[in-house]
Amino acid sequence: MTSPDLLAFAGAIASGEIEVVDLTHTLTPEFPTIVMPPELGQCAPFRMEEVSRYDERGSAWYWNNFSMGEHTGTHFDAPVHWISGKDLPNNSVDTIPPRNFIAPAAVIDISTQSAADADYELTVADVLAWERQYGRIPPRSWVLLRTDWYKRSGRDYVNMREDGQHSPGPCPEVVRFLVEERDVHGLGTETIGTDAGQAFHFNPPYPAHYYMHGKGRYGLQCLANLDRLPPTGSIVVAAPLKIRRGSGSPLRVLALVPRS
Amino acid sequence: MARQPYDGVVVTVPVTVPYRRYSTNTAHWWVGRAVHGVIQGAGLKSADIDGLSLSSFTVGPDTAIGLTQHLGLSPRWLDHVPLGGASGVVALRRAARAVQCGDAEFVVCVAGDTNQVDSFRRMLSTFSRFAQDAVYPYGSGGPNASFALITRNYMKHYGATREDFGKICVAQRDNALKFPYALMKKKLTLDEYLGARAISDPIHLFDCVMPCAGAEAFLVCREDRARSLGLPAARLLATIERHNAFPEDPIQYRGGWALDIAEFYAMAGVTADDVDFVQTYDDYPVICMMQIEDLGFCAKGEGPEFVRSHTLTADGSFPHNTSGGQLSVGQAGAAGGFLGLVETVRQLTGEALGTAVPDALVGLASGFGMINYDRGLASGAALLAGGTA
Amino acid sequence: MTEPLARPKRKNPLKKTRVPMLPQGVRSRTALGLTAAAAEGRFRLQVCDDCAAVIYPPRDACPRCLSPRLPFKDVDDRGTLLAETTIRTSTDVYFRERMPWRIGTVQLDAGPSIVAHLHGDLSEGQRTRLELKLDKSGQAIAIALPAEDTPNMQDDPQWRELTCDPKFRRVLITDGRTAVGQALAEALSEAGASIVFVGIADPWKPFAGEDRLRKLERVEIVALDMTDTISVNECAGEFAPRVDILINTAEHVRTGGIIERKGLTVAREELEVRYFGLTRLAQAFGPVLRARGADGVNSAAAFVNLLSVYALANWPAYGAFSATEAACLSAAQSLRAELRPGGVKVVNVFFGPLETEWYQAVPPPKVAPSALARATVRALQQGLEDVFVGDIAEDIRARLAVNPKALERELGS
C-alpha cells in the first residue's frame, strides 16, 4: 500500500481544490457566553487588555493580554467537562490523543425547523431520514447540527426569555442513539451549548453533555458557517489548546471541503 | 506703675530711599541703601552702629540677624520688628529704652521692602495663618476687601460718606504734590476720587495705597551724642503700643490707641490740643478717621464731622499726613510703618522736604496694621517734640 | 432675586475651553476640621471643652482660657450679616475670572464673626444661616444664605460653583440593569438633568425594568460594559465630552468571607465589575472630566461612587465583597486627588444592605433603591463629598468614629 501523498494534499489546499472553511467565530468581548444561575460560577467572557501599542509602554510593538474561560466563544468540550466522563482515561484536552483532533463530519440540516421553532429537538427519525439520503453515518464522525443559528446576533442569538435560553438541540434519545448505535466522534452545534437551550428540563438534563462525555466523546459549540459544508465528505480539524487537565478550550475549527 | 519718661532720648537723621513702583533689587539692597544713608548722614562709621532694628516683608528667608553679616555690622543690640504699619513706632520705643539704659549707643531703625511683579500676590496668599484659612479663599480681594467691610460698617454706624474719605485723600495728595519722593504726582480732585473705579465696594481706586519698593530709616541715640555730632534731633515724649485690642468687637471700629490714650498724653505732659500735626497710618482713609478719634482729637463717631470741619493740608487747621502719606507717596511694604515717623522728625527739625507745618513743636506719629484675620491687630503711637534740645 | 438658570446653548466648537482654575486650597491642619464638616454637610466649629467658647477661625488654643481641647462640634448656624462688599478685582486668577464676587461679615448668634461668601438673595443687615461647603479647591468655605429659602436659590452663580447640581447637566449612569441604576435615572431626569445616559452591558441579556427605563424622559441607553476595557474606551470616546456627572452604579454583591467562597472566579468577577470597572471609568472619562471643570453652566462637576458602607469596616458575612468595596474606596480617594485640579468632586455615597435580591437574607433596616437615588441627587445638589444613607450606614459611621476595634468585633461576631 502506498503511503498517502500529503504533498498532493497540500497542493490541493493551496490550489483551492480542497476548500478550507473557517467554522470559528472571532473572539470579541461582545460574544455571548453561557449564563449560569447567578449564585453559581460563571463562564468568563473574552476580554483583552492592551500591553503596548507602539507607545511609551513598548515603542516598536503591539501586543495584548487576554482572558477567557475554557468554554468561551467557539470551543471544544472534553469528556472531563461532565460528571459522567470524569473518570474516563485520556479525558482532558491535554491527554486526548491528537489523532482525534482530525475527523470526518456529517452535517445534518435542521435550519428550517429551527427557524420555525427555536426549541426544535433533533430526533432519531431526523437522523434516519438523513441517512436514507446520505448514507449511514460513518463511525468516529463528528455530527454537526446545521441550524443557521450562527447568522443571528445579540439578543436573537442567545434568545434568553424569562424561563431561560431557547435554542435548538438534540433530544435525549437521539444522543444515546448516536453514541451507542453510530459510535460518533462528537457533537457540534452553532448554538451556545451542544444541548438545546431548554435542556435543563430534559431527562436526563443536558443529554448531549451527559451521554457524549459519558462515553468519552467530544463537543464543539458556537460553530459558524455550517451552511457552507456538504452533508458528507468534509474533514474537521479541531485541536484545542493543550491545557493541563483542561475541560475544554476555545479553538480554531477548520473544515476541509473537497470542491465538487 | 507710672510709665518712665524717655529723658535724653532723641530721634535723628531721617532717611528715605526714593521709592520705585517695581524694582528688580532685593529688600537687602533697599535696606542697605537706607542704612548707608543713616551712617553717612550721621557722620559715623559702620563700626559705630551698635544697634539695629529691621522691619521688612520681603527680606526672607533672612531676618535681622542675616542682615548683620550681609551689611557688615556687629551690633550688641538687635531686633526684628515684623509689625507692618506699626513697625516704626514699635522699633522706636524698643530702641529708645536700649539707648536710655546704655545697652546701645547708636541704633539704626530701618524698614525696607522690594516690590516685584508678583510680590504682592505672593505676600497676600501667605500673609497669616488666619488669612490663609479664613480670608484669602473668600474672593482673594486682599486687604482691600477686608477693609471694605470695615469701611462699610463704619459708614453705616457713624454716617461717614465717601466725600468725607475723599477729603482726606485729596488733602494728602495736595501735601504730596510738594513732596519729592511721592510716586503719585497728579493733583486729585474730589470728583476724580468719587468717580474712580470700584475696587471692593465701597472702596474705590484712590482709597488704596500703591505697593512699591522703598526704604525709610532713622537713628536713635542720646541727646548729648546727637549734639556732639551736630545732628538736628527730635525728642521722644511718649509712646504707646497695643495689639489685638477689643477682640470682642464683631467688626473693627476702634484700635488699641483708645485703651491707652490717657496714659499717652499724661506721659508726654501734653494734650491733644498741643499737637501741631498728626501722621496717621493711612492704609485706608477709614483707618485715618478711626485714629483721629482714638488718638483723642474727637469722640468716637465724630470723625466724619471732624474731617468736614477741618482742613487737613500741611498748612491747614489740622495738618495731617503732611508728606502725602502712603496713599500718595506709596506703600513700600514695612517702610509704610516708618513713613509717618520719618516725616515727623523732618517737620520737627525744620527739614521738611515738602510743605513745612508752621511752628511745628509737637508731632504725633501713629502706627497700625497686620490684618491677621478681619482686623488690624497692631497699633501704636509716638509723640515727639522739636525746638531746642 | 436669583435669576433662574437658562438652559445652556450648544457649545461653540471654535471657542477654546476654559482651563479649570482653583481658589487657594492651602489650609492649616486644624482648619481641615471645617473641611471634614463640609464634606458631610454639617455646620461645625471648634467649641472649647473647658469654657464652651465657640471659636473661629480654627486655632490651637482657646482665646478665652488657652485650653488646647477644641473639638469641632455642631453649632447653631444662624446669624446676622453685618457688612458686605463686592470685590471687583483680585490677584488670584480663579476669582479674577468670576468677578464681581460678594463677601460679607456675619456675626453668628453663637458668637464669632465669620467672613463668608454671600448668596445673591442675602442683603446687608438681614438674618442669615451659614453653611460650610467645599469650594473647587476641595476645602471648606462658609456661605451665608437667606434665612428662608428663596425662589431659584440653587441657581445662584456662587452657590452653583460650590455644588454639583444636576440641573441642565448631562449624566452618565454606568449600569442601568439594577434597581438602583433605574431609580437614579428617574431621579436625575426629575432633578432637571438635560440628558441621562444609562449604560447597559450584555444587551443580549434581558433585565427587569427595561421597558420602563426606555420610556423615561431624557433617558438614553448606551452600550457600556465596565468589565470590558474596549467597551469603556469606546463609550468614553463617544460620550465623555458630553458627561458632566458620572455615577458608577456597577453592582456585584455576593455573600461569603474569603475562605468560605471557594475558588477565585467570583472574586475575580467582583473585582472586575467593581474595582477594575472603576479604574476603567477613571482612565477613560477622568481626563476629559478634569479638563471640563470650568466649562460653563454644564461644566463637568462630579464622579459619584456608590459604595457599600462595609468598605469602611469589613462585614465578614459579606467579607470578600467588603474587601473589594474597600479597594474601591481607596481608589476613589486617589481619584479625588487626581480630579481635584479640574475642580471635579468625587462623591462617595455609602449605604448598608439594600432592598435588593443579594441582601435578601439580611433583616431590616435596609435601604430602598429609590431612597438611595434621592440621597445621591441631594448630595449632588448640596455639593457633599461623603454621604451616609440609611440607618445602618449612619450607625457604622458613628461607631467607627468612637472605636473602630469594637466595630470590627461587632461586625465579626
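Annotations for the structure displayed:
As written, the chain order gives the labels A, B and C, with residue 1 at the start of each chain.
Note that contacts are C-beta pairs under 8 Å (C-beta built on N, C-alpha and C of every residue); 3 or more make two chains touch, one makes a residue touch a chain.
What you see is a predicted model; the values in this text were computed from it and never measured.
In terms of which chains touch, the assembly is arranged as an unbranched chain of neighbours. Note: the chain lying farthest from subunit A is B, by mean C-alpha position. Ranked by the number of C-beta pairs in contact, the top chain pair here is B-C.
Remark: subunit B and subunit C have CA centroids separated by 49 Å (rounded to whole angstrom).
With centres set at the average Cα position, the gap from subunit A to subunit B is 94 Å. The touching residues of subunit A, counted against subunit C in their complex, run 29, 32, 35, 39, 41-42, 44-45, 47-50, 154-155, 157-158, 160-162.
By the touch rule above, subunit C contacts subunit A in their complex via residues 202-206, 225, 227-231, 254, 263, 265-266, 268-269. Within the complex formed with subunit C, the subunit B residues making contact are 120-121, 124-125, 129-130, 132-142, 144-146, 148-150, 152-153, 156, 197-203, 247, 250-251, 373-374. Subunit C makes touch with subunit B in their complex at residues 23-28, 31, 56-59, 63, 82-92, 94-95, 101-105, 107, 113-117, 124, 135, 137, 139, 141.
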